[in-house]
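Each in structure tokens, the structures are laid out below.
The two complexes that follow have chain A in common; it is paired with chain B in the first and with chain C in the second.
For the complex of A and B:
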């Protein structure tokens, strides 16, 4: 059963805009859960893990938790250089144990050598590959001294690296330190060019293709490009892999004769290792455990680059933590109810969505039944949901909800699967109170919960009363128990501003009419605009009021004179999955 | 977050509420209660087993299980202190559990230390001292699992002995391994969730 979700859109570096409609699969790439998003105050924009600039703040070993100085990381090849190894069979962290434990008592540091690496997960022992250690600490170093089998490979690698490095340093253009902002540097693009050239040389098909384009469009320029192609000297390999082939023969022989099951290492065990290695399971060696990092994250805007996340290397605290959850209201979907029409009071089939909605409201005796959020939705049914918005700010905010891909009506979303109507587009949310205020309130909580239940009962009765009940008009602070999906008549005028408030949470209704031919997920995008009091200067506020008026959020900030600001973001609501009712 | 979270109810009288707001099911098995410290506002659910009786071999009073505030021990979960051979005798070592630790139902936890803000999913096993035999038939008892602050152990994970679970990591599988990193907002999220669960854990009178 698909869980319902509300994901937030990150426009990355583009000017703020909504996501592509949910029908386009590619739109999902820039949608994230609110706790995973960042917020740049300088740019007044949402940022996500796909677009932030990332730098490594510190390295640590996930097994011994040692903070590795960044100066050592490269020499250590990004792996723990102490005694941390992972099991070649099951990848658990290996444990150091004395090979001959004294009196039935084994612990890593006690006892005398030799020592072995033992897997606590699968009981693998380094005895199987002939690894024994004199001391119980600094195993990686001991190993480097004893097992120098990789020396041939290492020296080959080193000489190849030297070969390439001389070329790089000789021909790399001097980086231009003109500005502090970091665009992709010319150095990098130079590297890319070199890579491209290398590719063209190595792959015959690529070379032919590139030759064609060159010849056709830009023959003169290609001649210029070609200059310098052969600056790099041929690299002469120091050794040959002839010796290795003998081993391979033995390996093959064994694999041919041995039992297949378990004899050949699985893809998971060899995934992160060299392709040329021994394929036999029993020949797999423990690997030093890869280091992990703590990351600093920056705003990606080239003119901004402000820190969004700065971790503390000593603790789990963040020195800087600019996360969207502290700026944007949290949007949740819940309280699903299905509309039940008594008898066979079939709907008036009408092309016009609005008319159908009005008809529905007039139908007498219709009521709603609470449903489990994770149950499948049924085609052709009408559902009422609540959207809950939680205010993260210490000031009240005003909300305006609209359809993100507005074509005809700003409050009705129509796609192949459903017609979604935002019942209460404008409303306010009370301020977040300080934590201590909540703690004091804890005793009141009990009363609050009972209150909620009571109000829910009340709304239920309004629903059965076919929409003629008198709604509770919300004064600030008072809990409103107006039925979200239902309408209430007041002096012949229709009122649909049902908002249920509790603390810094406001809940409003959303009506979802699942079309008879609906399949898959019921998803829709909502544009959320919120207006909040800003500490910034007056002149900025004037600007904002202008924007607001233009977009018709008139009811918004009446007191717009003193520093109100508006921020717009987009969410994709997944209300559930449609599964057809099986017909017998 | 959690605007639609429902109340979690229990029948009035089936839980004992302590002065510090702990709620302990009458059907939880708590042995050696004098060796167990609950920090307050923690919930021990029905069928949970807390082995406070497995204390150090040495004479005297020893704290066996200590637990912080806003913790939850799910139904059928067993918490027992880890033990090992020390100077020729088998002895147990205390379990330290910090604040905001939620252990789902049907887990077996023998960790030495569980840091603050740790979620352990349903049916997970946190080994400390798995008995096994070496070639010589000697019992092997290992070091203890340590779970640092802020970590998630997904349901059904088996964490082998001596494993260190670093902060901000997500673990899954048998044997468990790191499968992801938690978002920077995790501390706020987990603390709010633990408080919310405690506040929603209410007694109702059956009619």
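For the complex of A and C:
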């Protein structure tokens, strides 16, 4: 809980809107981390796992990574049919190994001996339950022949059916000499008639039998019928009910006497099995590993239904992958610093607080101390964080950060716990470039930066940083500026506009002043609006500092000729947990 | 090599033992024939001496510490894998300490045991007075997130030891290069 997080809001199928304020607990349901989100290009909207439409694409075994054709899945009872078992003790996958030959040292691995299942985690061996195999593959089939417990029930049913079947077929073809052809079944006893319908229902192929039954319902109870009554022999069951009871008694005895810790299988090991099963540890058998699915996800908008995720059945990659990280800037919070205020900072009157705040924001060079992100925040202190935004697009983007919920004072958020001030609400992020492009651009980029620095603070025009227009600076000149302006440049970055830029990442500061009565988590919502161009060219200085309309438009094209595109999304930042200092 | 801060380092190693230059050996250490000490391994005989038997392998970032004042005896053919930390007063033969396992000083380890990856071996009885030591039975396997124990029936042990012997002979060829 002390970790800082940044979660993205998904408005599902509603027109885009921000989340409910963090004070309302129900608002947390629609927030997700960026790696879990998808983005539909057609609708220009964020989609999350809760709103996306899901279909099963294929089934696979997590242990052997074999793709099971959907036809076999039902037959195999959703489990792997190919020698994948899970250890009964620690539920990791079992490996097939050749057993040690009984005589002496083994100089080379013997591939022909009996095979065992060994757990690499807890060294459990299938010899403990008596499983040994002749071949190292197809273990499931070898098992089914020899060890299966379900066989007992099935074979019992089969022999019962056979017994009754012989009786049925034996009596049917003896027609009485005066019988009418309409009732061929009247020699079958009343009992069998009723039972036959139920019996024959099990056998799909016996259409003739059911035809017989239908006719036999109105059989006349004549003396000839009674002849068939006693012919059925008594059925001898193959297994005995008493036998089952004996097994159970042994189990109970052992459970009663044995120590609970060792003899009884724990909850972790038995919760997936049947209720009646043997509860002793030594009777735990390895289970076949259940199959898992690969899912296809679609956009839920009824007119769209575009594919967002489509897995490839042959490998782990995806054929189609539209994840939000490729479209939305990644927002992260980090680098916490605490302002060191000399003297006692308690009990300051309200007007003074505001005045101090303004002073603080104007002056720089105050003493600050780096802190670990997992330490709790203290009430009454002022902290500075950095928000790092990473641009996933190949074009530079322009960011505007505002407070998600208030109408006025769009850059300062105030709630009971803290006052949060976004120091730099408007800034740009450079485009994402491939690694080889960086080597070429490096020299040009530095020279370019120096040149545009002066103009940047004045008009707020964007330094695209892509360097395409600055090829005029010679290489030598660039290197000179590097050497001369090295240290100055670093400080210059910070001092100019409060934005640190490196590659396609921009970092801006956020000031969090924790009020003395704060309790719980410091959370605040930020609306992030980014603007990018699909065409190349200079962007006009178009910063709207005081724009109050919360943009509801998803893909609005602003400014006809330039071909802008704007997208807005909402982010909830959790800056950490406040814990008061314990007074001794 | 070895930095003895306040401890004089005295290493007695058999001629067939292989000690990497980058390893940290302090105190009074005796290494048996065929031992292999990887770079960045640490064998610290801070309190008392450590005696290591034949054919032991101590991998990178493994730490063997002796803080008590008695001799810490380690048997032969033990495999101390990466990141493990052993403080037990005595260790038997043919044990495997998997990566990041830890053995406390209150437990003595017998032979053929396996400490699974990431497990911690503590004395079963937490009220044991600090002088006494609990010995775990041979063929114990410590496994799982909760470091549970069970006894192994040693199936496929020979295969495993054969595998290990192959690894050791490979290391002996390759490490000096």
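Following the convention adopted for this analysis, the second predicted complex is superposed on the first by the 347 of 584 C-alpha atoms of A that agree within 3 Å, B and C clash if a C-alpha of one lies under 4 Å from a C-alpha of the other, contacts with A are read in each partner's own complex, and residues count from 1 in each chain.
Heads up, the rule we're going with is that a residue touches a chain if its C-beta (ideal position, glycine included) is under 8 Å from a C-beta of that chain, and two chains touch if they have at least 3 such contacts.
As the structure is a computational prediction, the values presented were derived from the model and not from experiment.
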Message: Which partner chains sit in contact with A:64 here, chain B, chain C, both or neither? Use first/second/both/neither.
response: first
- prompt: Which partner does A:334 contact after superposing on A: first (chain B), second (chain C), both, neither?
  reply: first
Message: Which chain, chain B or chain C, ends up touching more residues of chain A in the combined arrangement?
response: B
Query: Looking at the overlay, what does A:98 touch: chain B (first), chain C (second), both, or neither?
result: second
- request: Identify the partner contact of A:90: answer first if only chain B is touched, second if only chain C is, both if each is, neither if none is.
  value: both
Query: Given the touch rule stated above, what does A:123 touch, chain B (first), chain C (second), both, or neither?
result: both
Task: Based on the superposed arrangement, let me know which partner A:505 touches: chain B (first), chain C (second), both, or neither?
output: first
Query: Just chain B (first), just chain C (second), both, or neither: which does A:36 touch?
result: first
Statement: Overlap of chain B and chain C contacts on chain A, residues 90, 97, 101, 105-107, 118, 121-123
Message: Touching residues of chain C toward chain A in the complex: what are they?
response: 114, 116, 141, 143-144, 148, 150, 152-153, 155-159, 162
Field: chain A residues within the chain B interface of the complex
entry: 35-36, 60, 62-65, 90-93, 95, 97, 101, 103-108, 118-123, 292, 309, 311, 316, 318, 321, 323, 325, 330, 332-335, 373, 386, 388, 390, 442, 445-446, 449, 505, 507
Field: Footprint of chain A on chain B - complex, ascending
entry: 1-4, 7, 84-88, 127, 130, 132, 134, 138-143, 148-150, 158, 160-164, 166-169, 175, 177-178, 183-189, 199-200, 202
Task: Enumerate the contact residues on chain A facing chain C in the complex.
output: 89-90, 97-101, 105-107, 109, 116, 118, 121-125, 127-128
